[in-house]
Amino acid sequence: MENILEIKDLKISFKTFFGEVEAVRGINFDVGKKETVAIVGESGCGKSVTANSIMQLLPMPPAFFKGGEILFNGENLLNKTEKEMQKIRGNKISMVFQDPMTSLNPTMRIGDQIVEGLKKHRKLTAKEAEKKAIEMLELVSVPQPEKRVKQYPHEFSGGMRQRVMIALAMVCTPELLIADEPTTALDVTVQAQILDLMKKLQDKLDMSIILITHDLGVVADMSDRIVVMYAGQIVESGLTDDIFKNPHHPYTKRLLASVPSLDMSKDEPLHAIDGTPPDLYIPPKGCAFYDRCDRALKICKDYMPESTQHSDTHCSSCWLNHPMAQKVNGTERREA
Amino acid sequence: MKEEMSYSEDLFMPVSKEEKNAERIHRPSIKYWADVWRRLKMNKLAMSGLIIILLFIIMAIVGTKINGFKYYEQDLNVINQKPNLVHWFGTDELGRDLFTRTWFGARYSILIGFMAAFLDFLIGVIYGGVAGMANRRVDSLMMRIAEIIYSIPYLLVVILLSVVFGQGDSLFVMILAMSLTGWVPMAILVRGQVLQLKESEYAMASESLGATKKWILKKHIIPNTLGPILVNITLAVPTAIFAEATLSFLGLGLQPPKSSLGTLANDGLAGLAVGNGYQILIPAVFISLIMFSFNVLGDGLRDALDPRLRK
Amino acid sequence: MAKYIIKRVAISLVTIWAIITITFILMHSVPGNPFRSESKMPPGVYENLLKKYGLDKPLPEQYTIYLKRLLKGDFGESMKSRVETVNDMINRGFPVSAYLGLQALIIALCFGPALGVIAALNQNKWPDYLSMVIAILGISVPSFIMGTIFIQFLARNISWLPIAGWGTFAHTILPSLALAMMPLAYIARLMRSSMLEILGQDYIKTAKSKGISKSAVVLKHAVRNAILPIVSVLGTLVSNLLVGSFVVEKIFGIPGLGMSFVSSISNRDYTLIMGTTIFYAIILIVMLLLVDIAYVFVDPRIKLTKEGR
């Protein structure tokens, strides 16, 4: 499969009063054509920073790229000028943001907001643009699109606004859609509708999706592959099945265990992960999950685990994968 | 795989929770007010404002006694003298020493500024606090009244009051008149904060644990409202000084032989016409400097108090 | 929306009534009365004067008479000037003051927001510092000092700029600049903080993600929203201008309403003070009302809310 996006050893830091915060610490992953890749992790793990960095929407300063490449169709986006990036934003790559309540301009008509990018990239007349706006609203199943295009964001509900956001992102039929927690701020019932809509549109428009979320439930039936991030690094990645059925990294396992399921008995406690992620002002020398990991080894504290390939599609970074660990602690993996 | 033999077996022993907790490193945590002070100190403009204000206060206290003249002392032999070694800021058309008169005037300007700001604070906090804590109907009535008072331009009120009561000792009247409308922004601010905090989750959590309203007010609302109030006070001082200066300039302020920076500027305007520009220059620069210092200090405080701006 | 406007108008009327009443009470609680000072009055004249101005009647009756005359647009007559009524003075002075104030407002509204936007877009760089120094000077230097500085350094050195007086456009330049400085600085500071807040909003990121140019993001999305707080303080600014006009008219010797107000105060011309104060209050409150109503039209979010707040 041809890759539309390849991220190689990407490192992003923020300059602050206390020093440098290493938000993303050397990550590698790629996205194939028409593929959906989910990036999963807790808040503060660097997933949103990664998403925003692809479009170069990070505020710079304080953010800066410390190294690595973002290859989009083989071209490194980090070498592009602002003008060249403008031609890509909204046109080839689009983004849907987390909070639909704040992501739309409150003093601009919905229709104008949807076609604003299109007008710039495709040079349409006002009439064509309005027609297109109505079409887009229809596409994302907003009822009464003719009336709705003339309204302002405050006249829309949260779910409807997120549909508008999707219409806005899709209007130039981009090759890649980055959805940064698109359903987090919505009601559960609306969440499912929005995900369905995205899936439907993906099939129709042949695009790739990067889905950023902390919610594994969202990921399961949406994504082809999953990348698990922790403290600015990728700890495990694989096909959705690999991750759900055969997780290797203790963090992935704990993450899966923390999703409540219907067949749980009422008395069974929810499995929260104790503690907080490390402070990236002082990044740990070894494995970042060491503090919270219940299977930590001595080596984890000071040595960074390397990535181990479990299959063609599945790899994880954990010292437990090391042959020595299995030798010392017995060959059987204890379940967490 | 080639490196695997370089690690000793011991490294692969499991670690217990206790071992892990022993050696945590964290970013140094900084107390809120210490952090505010640290950020304020980094703001050079605000700090210079603070230093100028302190200098002004010290000089307003001791400045009238430095060169041996009295603020009301007239000496017709030395009228309209340019600044010199005897009269450091020169003399006015009655031969009064302007150095002494300037600091005497600064004393009144600063006094008026602080007193008015204090009254604003007192009335505003009480009124706003009561409105915020009261039920909705009382609250909206109180705010309507405040709004009406606020839409009366304060200088008109000050002028009216000083016309009515202003004959004798005008200092008290002036301060009172300024606070009569000046408290409204403070009240609106306090009420807004109180309402916001009343609805906020931590106050609710506190209430659900059986805390009384008084307790919530003392432990949650006041500490959280302190920052914006402090900024507001800092900015109320120059407003009052400005109002006093303007009034005095219009001839409605303090009556001679009392002087403020505003009356000195008013006197100086007459001197300007006959070429004694220094007579207005010094009070003008001083008024501007005081206003400037309070304004930059207020701005600096506001920035320093906003954790979102934390660098 | 109609309900909102009706409510605002009603509140404004109450405010005006309150101001009239307070002013009336204050002016009539002045110890003594204005004619006492003119001590050498032949007997009978004093009583006649009291009668002429209706001061011999009981206070409530005077009040109702005064209110009735106000309703007809009659602000009463001056106690000191035997030829001009308060209305004459307003008719003569107000156009001058209004022209000056309007010109100052236009200056402030053109340059204030621009300064604020430039500062916000270059946060913590030299254009930001420069604009904010200008703004903070504008706030710190009272208009009477600004006016004096202008006369000393500009009017005395530039031949075509008159030092004082009224009549030609050249006469209006310095006074309106001196008058504009404070609101200009105020707007610039407000605009800067408002812009900084808006630039951090999510929808600015959305706008950027569409790939439109930086200037379009700033103008269509940021400035459009950041200007709203400026609209809401316009009323206060007009009030500032009014106060400033007292001072500036005095310095530049401009025959506006402010000047006659100030002289009416020093003359203790109570009816004139009362009339002018009430006139000013009405102008201001009408301005505040207009600004509030205008705000409904600039901010689409307000239309739906049934109550004002």
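We just call them A, B and C in the order they show up, numbering each chain from 1.
Criterion: a residue touches a chain if its C-beta (ideal position, glycine included) is under 8 Å from a C-beta of that chain, and two chains touch if they have at least 3 such contacts.
Computed from a predicted structure; not experimentally measured.
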item	value
Pair sharing more residue contacts (C-beta pairs) when B-C is set against A-B	B-C
Taking each chain's C-alpha mean as its centre, the one farthest from chain C	A
Chain A and chain C: spacing of chain centres that average the CA atoms, whole Å	53
Inter-chain centre distance, chain B versus chain C - centres from mean C-alpha coordinates, in Å	24
Separation of chain A from chain B, taking each centre as the mean of its C-alpha atoms, in whole Å	47
Interface residues, chain A side, partner chain C - complex	52, 55, 57, 82, 85-91, 94-95, 97, 99, 102-108, 113, 116-117, 120-121, 152, 154-155, 165, 168-169
Complex contact set, residues of chain C against chain A	201-203, 205-214, 216, 220-221, 224-225, 228, 298-301, 304
Contact set on chain A toward chain B in their complex	16-18, 279, 281-282, 290-291, 294-301, 303, 319, 322-325, 327-329
Residues of chain B touching chain C in the complex	144, 147-148, 151-153, 155-156, 159-161, 163-164, 167, 238, 242, 245-246, 249-252, 265, 269, 272, 277, 280, 284, 287-289, 291-292, 295-296, 299
Touching residues on chain B, where the partner in the complex is chain A	4, 7, 9-15, 17, 20, 24-27, 310-311
